[in-house]
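What follows is a pair of complexes built around chain A, which joins chain B in one and chain C in the other.
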Partner chain A sequence: MGFLSQSWAIARKDIIGELRTRETVVSMLLFGFLVILVFNFGIEPGLREENLVKPGVLWAAFIFAGILGLNRSFAAEKENDCLQGLLLCPVDRSVIYLGKFLGNFIFTVLMGLIVFLFFSVLYNVDIVRDILPLGLIVVLAAVGFSAVGTLFSALSVGIKTRDVILSILLFPVMVPVVLAAAKSSGVVLDGRPLGEAGLWLGLMLVYDVIFLTVSLMTFDYVVEE
Partner chain B sequence: MSQEQVLEPAEAGGRAAAPPTTAVGVADIPAGGGRSRLLDILAIATVIAILIDLYGALLWAPTEAVMGDVQRIFYFHMPSAWLALGPGFTVVFVCSIMYLVTKDLKYDRIAAASAEIGVMFTTITLVTGPLWARPIWGAYWTWDPRLTTTLVLWFIYVAYLMLRSSSAAGHKRARLSAVFGIVGWVDVPIVFMSIRWWRTIHPLLISGQGMSLDPSMELVLFYSLAAFTLLYVYLLLVRVRQEDMRARIDELRQQILSR
Partner chain C sequence: MTSTLETRGQREADATVPELTIRVRGLWKYFGHVPALRGLDLELEKGRFLTVFGPNGAGKTTLIKVLSTQIGPSEGEVMVGGIDVVRDAHHLRRRIGVISHNTYLYPNLTGLENLRFYGRMYGVSHLDDRAARLLEEVGLLGRMDDRAGTYSRGMQQRLSIARALLHEPDIMFLDEPYTGLDQHASRMLRDVLETLHTGERTILLTTHNIDQGLEMCDEVAIQVRGRMVYREPITSIDRSAFEQTYFEHVGKDYRWDS
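After this line comes the complex of A and B, so read on.
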């Protein structure tokens, strides 16, 4: 088996587990909806029509809901010592990282797109016009989010207060992605061409490449026994 | 028998020439107890340097024509910011890599000490900045790239310290915090760039190069920078020494308990 098919096997395991239990994605979605709902009460009705607040609400929901999935990602492996079994696989550690990353990435993109659909209904966004550019932004943001998130999820899994520590570690490091995603989706929601957000898309791309590389290089040390 | 009673002979042994309990693992940890002449000299030098710095910044330097005395906070603000953002967190990054390469806990202790001092200096920066900004800009805070980056940096390194305090000492904690130390440091320039683009319509309100300083003010500023660097080095050495001794005590305790 090649590098990618090995990684895919691990990701597939996570997806099958998720299809059977439906634990992670459903709770992510519900939480994402709830964040949008709660934000709604803090925003004046007139302001809700403005594109100034929409990206903020959307990406706050994305990042808060996304972290729920990351919390589960390695915690699920901890049950029944699955992590031990995973580490005993005769594959390179980077394969394990990439597999877990792929699983988290797929869940995050799925969650992001559905939260966007929900959001577009509540905030009067033209879905047909915006779904492609926003999909691209969601994918770029989800790569960076899952790249760092998978590493930190593995990092915090052995710690007693792992849910809290994961949020504290992840949010400050995610600042560039949230900023870039909110700015570029602001451009899209305004109906301007995506090209105007080129700088921000480029920033996310650079972030994704840098942190995928750093995570692949350091993951070995995180799970080392 | 209490633990203190058990430990006493071992500590006394540490103060003398060679502790009788020294086994393989303990030998590489520098002996605790006793005084370090280098640290004593450095402590005196730092106190003198800081006293001169206080005199220079608060009394000797001329009062700024427009801002008045409040400008003097700059002599403490700028050196703190430079130490935190420059050597403070870079030492964390370099020592994190060194630890992962060599697996020597010494580097982990240096990284931890530097992160603590870095957080302290970042906090000083974040407190002195608004105190100055309120009368000058009319607001405690603006979302200027430098301010915002410093705030995010503060969060990243407080998270680093949280991570350390929530896991037990040892190689595992050293590995985890080293990885986070590397990721956090790599993130800082990206944070700065992103916030800079975010605030692209707002000009930088103040830039070190743009401020034409009076020569005597410049002198005080550079002197202050040197004095604070000395303070950083002293604090770092003291903290590393403390952690070295703590590791040594832990090791001795384990040896005694395993008998």
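After this line comes the complex of A and C, so read on.
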């Protein structure tokens, strides 16, 4: 078994567990839906700044719902002390990180796409014609979000107030991704070509590469005693 | 000529010196400023079964955690299977199996899926055959497709034994494995554990239950306040006399303010 196949085994284990309980994705979707719905009540139809506000609403829902999923990610490993069982396996710590990252990434992308769907219905936005560029933005944002989130989720797993700690740690670090995702999806929702958001997409790409690499390198220290 | 003689003499001397699987010297472990292990020394020969008794807070679980690479020592030398637990933990993990009162089992995966998952992590070959054989040995073949979360505590602990044996470790650490088990489940677990004691496998069991701890071991030790205070082979121990000895040591040394 190689590095990637062992990482996939960890992600697969998380996916199987989730398919059976539906604890994480359902709560993420419900929360994402509620955020979009509440904002929808507050924004009057025909408001001049509506198009400026929409991307912010969308990505606020994405981040809040995503954090719910991240909180569950390592908390599930605490049951029966499974995290210790995992750490006892003769695999590099980066295998464990990558496995957990993959699981979180898949849940986040799934949640992101469905949140877009809710958004499309509630804000009367046709996303079908822009599904590819929006999909690309969701994927880029989900990589950065899951890369940092997986690391911080592991960091906060032993803390009683981990839900609060994770949010406090994650929000400041996620600002570049949220900003870039909101700006680039705003370009797409305005009907302009994705190329106009090239700078923001580039920022997300660089962020993803840096934080994925740094997280892989530092995870060992995070899960040590 | 002299060197040949010396080499032969060295070999003969080596042949008479038993191979040590566990060698611990001057082990200290602090949690903050509180020492859980205080200069602990321990040696265990290959193939031997040692039971370490001790009251709550004696540092038994901490000892197992250090030996099994779960936590690092604060001071001292710890060699397991000839491997330094700090420098080469990764390789040591291939050779050790840990059974604890925590089962390390995923409740939402079936018994078979749990074994498959851990088998992949350990790179076990012919995984399905190996998992099926172990499930049969621990008496869970008929429940292998049920979620581990639906198992009784005793069944979970037996599945945990199968998990720990998947990669055929030659060193086993058992940390209070009977915790939370009723009499029947304890008996079943004991039968399974008995099969582990083959003479090839080195086993270290920690418990505070004297009856269960004396059942299968070759040697007995008592750990109090982070130190080994007593060590004897089982053959020289009378059960009732040992109980007296145990309480003498525990009573004498159990006050942390002393």
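Convention: the second predicted complex is superposed on the first by the 223 of 225 C-alpha atoms of A that agree within 3 Å, B and C clash if a C-alpha of one lies under 4 Å from a C-alpha of the other, contacts with A are read in each partner's own complex, and residues count from 1 in each chain.
Note that in this section contacts are C-beta pairs under 8 Å (C-beta built on N, C-alpha and C of every residue); 3 or more make two chains touch, one makes a residue touch a chain.
All values derive from a computational prediction rather than experimental measurement.
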First (chain B), second (chain C), both or neither touched by A:25: neither
First, second, both or neither for A:115, with chain B first and chain C second: neither
Which of chain B and chain C A:218 touches, first, second, both or neither: first
More chain A residues in contact - chain B or chain C: B
First, second, both or neither for A:89, with chain B first and chain C second: second
Which superposed partner A:67 touches (first chain B, second chain C, both, neither): neither
Partner chain in contact with A:173 - chain B first, chain C second, else both or neither: first
Partner chain in contact with A:165 - chain B first, chain C second, else both or neither: first
First, second, both or neither for A:147, with chain B first and chain C second: neither
Intersection of the chain A residues that touch chain B with those that touch chain C: 224
In the complex, chain A residues that touch chain C: 1, 5-6, 9, 13, 16-17, 20-21, 79-82, 84-92, 224-225
Contacting residues of chain C [partner chain A, same complex]: 68-72, 90-91, 93-94, 96, 98, 100, 102-109, 113, 117-118, 120-123, 147, 156, 163
Residue ranges of chain A touching chain B (in the complex, touch as defined): 148, 151-152, 155-156, 158-161, 165, 168-169, 171-173, 175-176, 179-180, 183, 199-200, 203, 206-207, 210-211, 214-215, 218, 221-222, 224
Residue ranges of chain B in contact with chain A within the complex: 100, 152, 155-156, 158-159, 162-163, 166-167, 172, 175-176, 178-180, 182-184, 186-187, 190-191, 193-195, 197-198
